[in-house]
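Each in structure tokens, the structures are laid out below.
Common to both upcoming complexes is subunit A, partnered first by subunit B, then by subunit C.
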Partner chain A sequence: MRDDNQTRRLIKEAEQARLQQYTRRHFLKDGAMGFGALALGSLLGNCWGNSGSKKLFDAANPLAARPPMFPGKAKSVIYLHMAGAPSQLELFSYKPELAKLDGLDCPPSLLEGKKFAFIRGVPKMLGPQAVFKQRGESGLWLSDNLPHLATVADDIAMLNAVTTEQFNHAPAQLLMHTGSARLGRPSIGSWVTYGMGTENNNLPGFVVLTSGGNNPDAGKSVWGSGFLPSVYQGVQCRSEGDPVLFIKDPKGMDRDLRKASIDAINKVNQEQYSEYNDPETLSRIAQYEMAYKMQISVPDVMNINDEPQYIHEMYGTQPGKTSFANNVLLARKLVEKGVRFVQLFDWGWDTHGDSAGNAVDIGLINKCRKVDRPITALLLDLKQRGLLDETLVIWGTEFGRTPMQENREGKKMPFKGRDHHAAAFNMWMAGGGIKGGTSYGVTDEIGYNIVSGKTEAYDIQATILNQLGFDHEKLTYESQGRNFRLTDLSGKVIKDIIA
Partner chain B sequence: MFLKTWQPTINSLQGDKYINGALLGCTAGLRNLGSFRLKNVVLDQKEQLMLRYNARLNAGNVYIYLDSLKGKLIKTVPLKSNQTPFWKLQTINLPAISGTHNLFFKFHNPAIPALDETTGVRFDWFAFGTKFPGKGKPGYDDAMKSFAELMEAPVETIPVMVENNKDQFRTSHVFERGNRLVEGAVVTPDVPHILNPMASDAPKNRLGMAMWLTDEKNPLVARTMVNRLWEQLFGYGIAETLEDLGSQGIPPTHRALLDHLSWKFMHDYQWSLKKVLKEIVLSATYRQESKVTDGLLKKDPMNKFFARGPRVRLSAEQIRDQSLAVSNVLSSKMYGKSVMPYQPEGIWRSPYSGDVWKKSQGEDQFRRAVYTYWKRTAPYPSMITFDGGAREVCITRRIRTDTPLQALTTLNDSTYLVMARYFASRINEIGGAEVNQQIAKGYELMMYKSISKARLNALMELYNTSYTKFRNDPKASELMAGQLEKPDKPKAASLVMVASAMLNLDEWLNKN
Partner chain C sequence: MVFLALNTAEFIGRFHPILVHLPIGILILALLFIGLSRQERFSYLKEAIGITLFLGMLSAIASCISGYLLSQSESYDPGLIFKHQWFAIALAATSIVLYVLHLKEKRLTWTAGLLAILLMITGHLGGSITHGSDFLFKGSSAKNSKVKNGHKPIANIQEGAAYATLIQPIFESKCIACHGLEKQKAKLRLDGPASILKGGEGGPAIVTGQAEQSALMKRILLAKDNKDHMPPSEKPQLTKEEIDIVEWWINGGASFDRKVSEIQQTDKIKRVFKALSTDHSNDEVSLVDVPEASVSKASESAIQKLRERGITVVPVAQNSNYLLVNYVAIEAFTAKDLKLLQAIKDQLIWLKLPNIALTDERVDELNQLTNLTRLYVQKTNLTDQGIAKLTKLSNLQYLNLSGTKATAKGVASLSGLKNLRHLYLYQTAITDDELKNIRLELPKTNVDGGGYQVPKIEWDTAVSRAPIVK
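Take a look at the complex of A and B:
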């Protein structure tokens, strides 16, 4: 018979062992389903509530489709980013008062305590270099630079008062896409594929397409996975070379031989599995089968040759060329095939006025011509396919441009241009449960500062996640001892533009 | 120390109060009659000033004033011409001044026209110190001369951290609630009081910190290191959260083992990684087979309790390196600059930058993965695909994932095709006369065991299918076999097919 001391010791040991297992984290985690289950648990209502972030995905099949936290209106996202920052004052922001100030010295009140990327001394004000009209039933002001987009004005929710704290391209792009101006945070597309996986195993879940001759200034970090597993980073699909890196078989190998080689690999792997019984080997076999299928599905979806003529006319696409228009059409094809997040970057919007190509009355108009038709076609095409309701389209950029004319080094520039302006600019959203024909936010009479409806990158990110069915405060991943989220400590869903 | 690092110095970045001058990059630029200030320079026992600058025209002077531009002129420095080298080092003697003062530097060159805005002087750094020691002793002149020569020797430089002079230490405050604008209590270098204290004689600097970290009373460093080694070998640490052995991490599965190994690492092995690694890899636990029964798999799917040997996928770097090694092309060259092995076109496309990926030649193509040039915003694609971090931020632990893109990399990346060609050619040379012998030899080279019949059959079947195809298609066999000299191209091409498949085997990509 056990004596009392021994019993006491055993109880104490058991208690200690229990306490050791029961760290603060466990307490917090269990909290959701424990005493907190009454309130919190019922809000969450599924696997998102009590599982640690590490368990959200299965490493063997990290892109398996997973339901979001709540039923979202959007299933996929097409994010069109104009890298370089187009001038809102020539596109969306109608400022007749600014026209009256054209050519006058900028008042000191606008310059005090302000820092610009290139403006020095006292610049001149620069009136709008475009004609604006009200469009659609909603009466949205759009400039003549976007004649096609004007026809779908009622599908758009315009954000008039977007603001950022960064006035250089790379950090501003990072902030917009990763929620931090410094390198190392996961991009929004990574967060979404981490949260939802992808519906088509034969294609990457998060695809990136670039045009305009350059990658965005911040490089691949704007579609990087940061501290999330690297499987969630954006996969760049390219219109030159392999559409996806290493998708093409080596020269001299035809499909039959590739099949034979994968068959041989998998036969040996099967043998390996029968000996070792490691389920990882089965994942490897599936991985090679998927790779084989991807070799067919990727070139197939990246090929726009077989699109009907009316589609090419609608988008202004030319097969075989690298263009924004081609990328927009590809984006439509990709979401149609179940790709979760398609990110387009078009480089070349940095209209400083240092050359004709960078002038707000010359180069900007040319750039608009290249994007206006395909973007409009995208909205119309998604609509006619019944996909617009479940596809969130975002048009955005990293910051805006000044109502002053740029005077680099204090000197007059050869062409009309505007400097970087972080305080106020425009973005818009459409589809995916966004209320068309609305606008949100007001800026002052010259588009310099925000009057109301201030919208930060975090708010846009929160809204995107919300449309997909995520609470941006709860989609987290643990790194370096704490849970991180895309929207950091900020972000509010822009309810005014949600249908 | 100063000779090696040019530190500690006062960098021009710390200058302010510019008049007719500005900070140009990291240098202080002054136009004619321009000036700027260096704040709070401790002048006690400072006998001389060494400064690095570049002046556009000969015959200018820098005037150094004490406390204000109208203050006492303490020194006039005649600047040297800017011919070669571009940057000039100059040492001047200082009058004895005690205390901490603001110094104003004013530049004047009468040869520069008053309105010329393009010419002036740029300062890099300022070093206040004592005179070169040993004056009057034999060899002083020679030593001084070689010091001066070495100071200006054109050597490759690497940024390293060096401790500043005591008088250059800044005051550090606690930021209230993390806000740098709200300064709380002043803090001085120390270690967390919850952990073992620093030895009383330890200096409160990086040396002291190193002493504290490796103090016998601090088990944390040894535990962390051993846990990391364990993870490298077994795939998971004894405590899975390598990054956190504290209360928020996942507790270790074998606490006593972790303590035992870290104690030995510290005491018996005197921090020798080799020795502790040897102990782990020679253990019965590590040397178990990785085979697993259904029952065991169900009880312990992650092998947390080590009833079987580890089986984990290798890292991005390991996969590349071992494939290079078995193909017999791995370069054993050590050290030196990073290299640029093959990478597809168009990976780097940065605006406002002319940088290009310039493929390395010769054996530099085949250096170990750690030598691969790394650009954070456009990392080397095949390594990223195998879960190598982009290095934008410290990744304390790589999470292994499975994606078809990995298969595509080892199947189709030209680097792996080239390796397969070398591997094929190697087994062709040393494997014997018959193809099946050659394949068996290749397998042996890879796995250190002989090939099973079923495996050999599968690979032979691939060989035969390939051979039938290539025999009738000289062009395809030429493309597949590559440029290496081979008499029988269809055979060579078919062997490349087999070699490529072998480099993709699960057994090869995993540690068994």
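Take a look at the complex of A and C:
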């Protein structure tokens, strides 16, 4: 009897203690979740469509191929980013009016209220340092610095009026690739593989290849996965030495032993996951599995030595070394094998005019020699293999260069060069359902400002997603309490260049 | 003072399009009340008739006043204005009569009927002024007459008169609606040589020989969101080609009788003319490679069996049951793996078998896949025998045979595929001459034999250096 009383008292105590845990704060919070909130929730749920908590992918197999929102023409993307900002005035933007102003002082109207990276005081204007001609049936203006590209001018859709607000390399690259000039957001390749996985699960869905001597200024974040599960980050492969660092088994370990150890690790990870439910754990398990498959598949596809000699000549490759041409040939091989997104970065286009290598009439041309042939070869090679219609090729950069000769610290530069110019520059796209021989956007007579057809990074990102079959406004992921998307708050598909 | 008065008048006039909705709505409501209140269960509506008629009458009078002021400031077709104005006055008068009759508690039926008829006529005439007299029926006929790109190919452009063949159609489709017979906004008409040269309120529309100085040119080149841009942003815009043509015509002297060939032409305008003269009417609607007909969902177990072999199976879109299958990541391909496709033969439309040991015998497994629109068999062991079997796939639009043992004979058998639009024969033994013949046999197909070259040029191996400073 006494036990019963005591038990009852203890139960009562426990109840009271539990009730004391329920503070005013809890009550208000619970009270707020009234019928009104229910109704609002269902309303908002309809608005947003894909509610944040309903993630697109299967965490056990995050890179498995998944359907796009509508059938897209493109199945793969090859993005060629020239890091450093090549001078559009010596490549794509024909401005004869600028030639008339060569050597004259820059008019104050162009300098008022503007911030420049290095220009100080009153710089002189610098006329185009290249000869331009119209190419192909479409009459695309291309300079003599890209003689090979001129032969495929009718496959290109030129964007003449791309603009950005960032005039420093790192934030501008981040903006172009992640939709924000600040760190922390996923890159295009991550969004794409998050949205549709990849068709070949033995290879990464998002591969990154760099050349030119350096990584891009924005660092590895420019192919990072941001707040998306880390399985969607770009896998950097190298065209020289081990294709992927740290993937080879150490001496003495054979493949079976490697498999056994990965299985063991993943078993532990799986237990961790059931206890803590951290999705990153699943991502880690998937990445171990992927790495195991990549040990075989990647060296295989990354080996360009098995390509016939005429292909090497076509691309201008340098087997054994790191080169842009090697990377482009690899990009083609990867896309042939079903890789979804191949991102190339070539460093060294920052022609300020502070050295011969950085001069628009010397170094720029040498750089063009390294990229013109491989890019042309890529377009032709994809075409003949029947892949150009489903591979979206983008040639891009982070901003353009000024019509003025740079005068760092107000002094004369040893060579001809241009400073960073965010307001107007060029990019182009080809393949993947893009209408060749078109152009969109117009800039003024000296290439300083945009006249019509303003194109921002968001528009380019929206177009990429559109060609793959996604509505850029609907491909979202919930993070920090709201739905994010690649194009964040803006972005329009550039319909003029779509077939 | 007069200026201020004029401006105020115009301002009040501009309320006409708003005010006009009031008598329409209120008077219809009044007529409804009059009609319904005759019935027992709606007799309470009798009370409301008075105030409704009163308000309708007032708003009708206000509309008439504002309408009159508007007609003074804007330039409209006098004929349409006359009719609309007097019917509107009749309407307002009838509404006054109706109200007075109601006050005197007389029968309203006939007057109400008259009001309804006047309302309809006045409203229709008013709508014709703003939207054109053919507005109601414009929808059905316009769709049928529109050709792709909105223009019919013009044969013999060079021989035609520049104004009649090129400029007049552009003005007719994009400008005359507001600057022609029915309306003359800003007192400008563009429907005849004399009127074009005369200009309007803002002066001459064109300066012959100088497109840059011509007001017309300036306005069509303005940014679309600029308020002076022409045509107004909600109306159909001039295409890039049309703008180029107008610019060329003005620069060439804005002649109304000279032929196209007699006016100097730049390379740019020559390209535009070339594009205009190509006949697009026979371009078939491009085939879509996802069938429009819907299909039931493929069985999950069939898809699972494929996936277990490392074969990628994915729907072509989120709302589609059609499937894309890719064998690129398969583990050790055997003939059995093709049999697995039978279970999804209705849904399978895109099939990728790159670099697979697909022999001619095994192609038999593909015979049932008649819904295929895209087939990739590059670098397989197919020979002409196997290719001949592919003719059963009548819906095929894309066929990639690069790197196979296809010969010209085998490819010739594909002429039975009526929907084939893309054929890839790179790295086959087919010669350039044979390709020419194949293209004749498959006129609707884009046949790509590959073998593109990027020729070596001196520039490739040159090195740009800084000039040596002595």
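One rule holds for everything that comes next: the second predicted complex is superposed on the first by the 401 of 499 C-alpha atoms of A that agree within 3 Å, B and C clash if a C-alpha of one lies under 4 Å from a C-alpha of the other, contacts with A are read in each partner's own complex, and residues count from 1 in each chain.
Methods note: a residue touches a chain if its C-beta (ideal position, glycine included) is under 8 Å from a C-beta of that chain, and two chains touch if they have at least 3 such contacts.
Worth saying up front: this structure is predicted, and the values here are computed from it rather than measured.
By the touch criterion defined above, A:P68 lies against subunit C but remains apart from subunit B after alignment on the C-alpha atoms of chain A. In the superposed model, A:F227 makes contact with subunit B only, not with subunit C. Once chain A of one complex is fitted onto chain A of the other, the partner contacts of A:Y288 are limited to subunit B, with no touch recorded for subunit C. For subunit A, the partner with contacts to more residues, out of subunit B and subunit C, is B.
By the touch criterion defined above, A:R418 reaches neither subunit B nor subunit C. Once the two complexes are laid over each other on the shared chain, residue contacts for A:Q384 go to subunit C alone; subunit B is not touched.
By the touch criterion stated above, subunit C contacts subunit A in their complex at residues 223, 267-268, 271, 289-290, 310, 312-320, 324, 326, 328-329, 352, 354, 376, 378, 398, 400, 402, 422, 424, 426, 448-454, 456-457, 459-460, 462-466. By the touch criterion given at the top, residues 243-244, 247-248, 251, 290-294, 297, 301, 311, 313, 344-346, 349-352, 375-379, 381-382, 384-385, 387-390, 392-396, 399-409, 411-414, 417, 452, 454-455, 458-459, 461-462, 465-466, 469, 475-481, 493, 497-498, 500-501, 504-507, 509-510, 512 of subunit B touch subunit A in their complex. Contact residues of subunit A toward subunit C in the complex are 65-71, 134, 137, 139, 147-148, 151, 197, 199-202, 313-314, 316, 336-338, 356, 359, 361-363, 365-366, 369, 373, 376-377, 380-381, 383-386, 389, 415, 451-452, 469.
Subunit A makes touch with subunit B in their complex at residues 20-21, 23-25, 59-63, 169, 183-185, 204, 210, 213-221, 224-227, 229-231, 233, 235, 238, 240-242, 244-254, 256-258, 260-265, 267-269, 271-273, 275-281, 283-285, 287-288, 290-291, 293-295, 347, 480-481.
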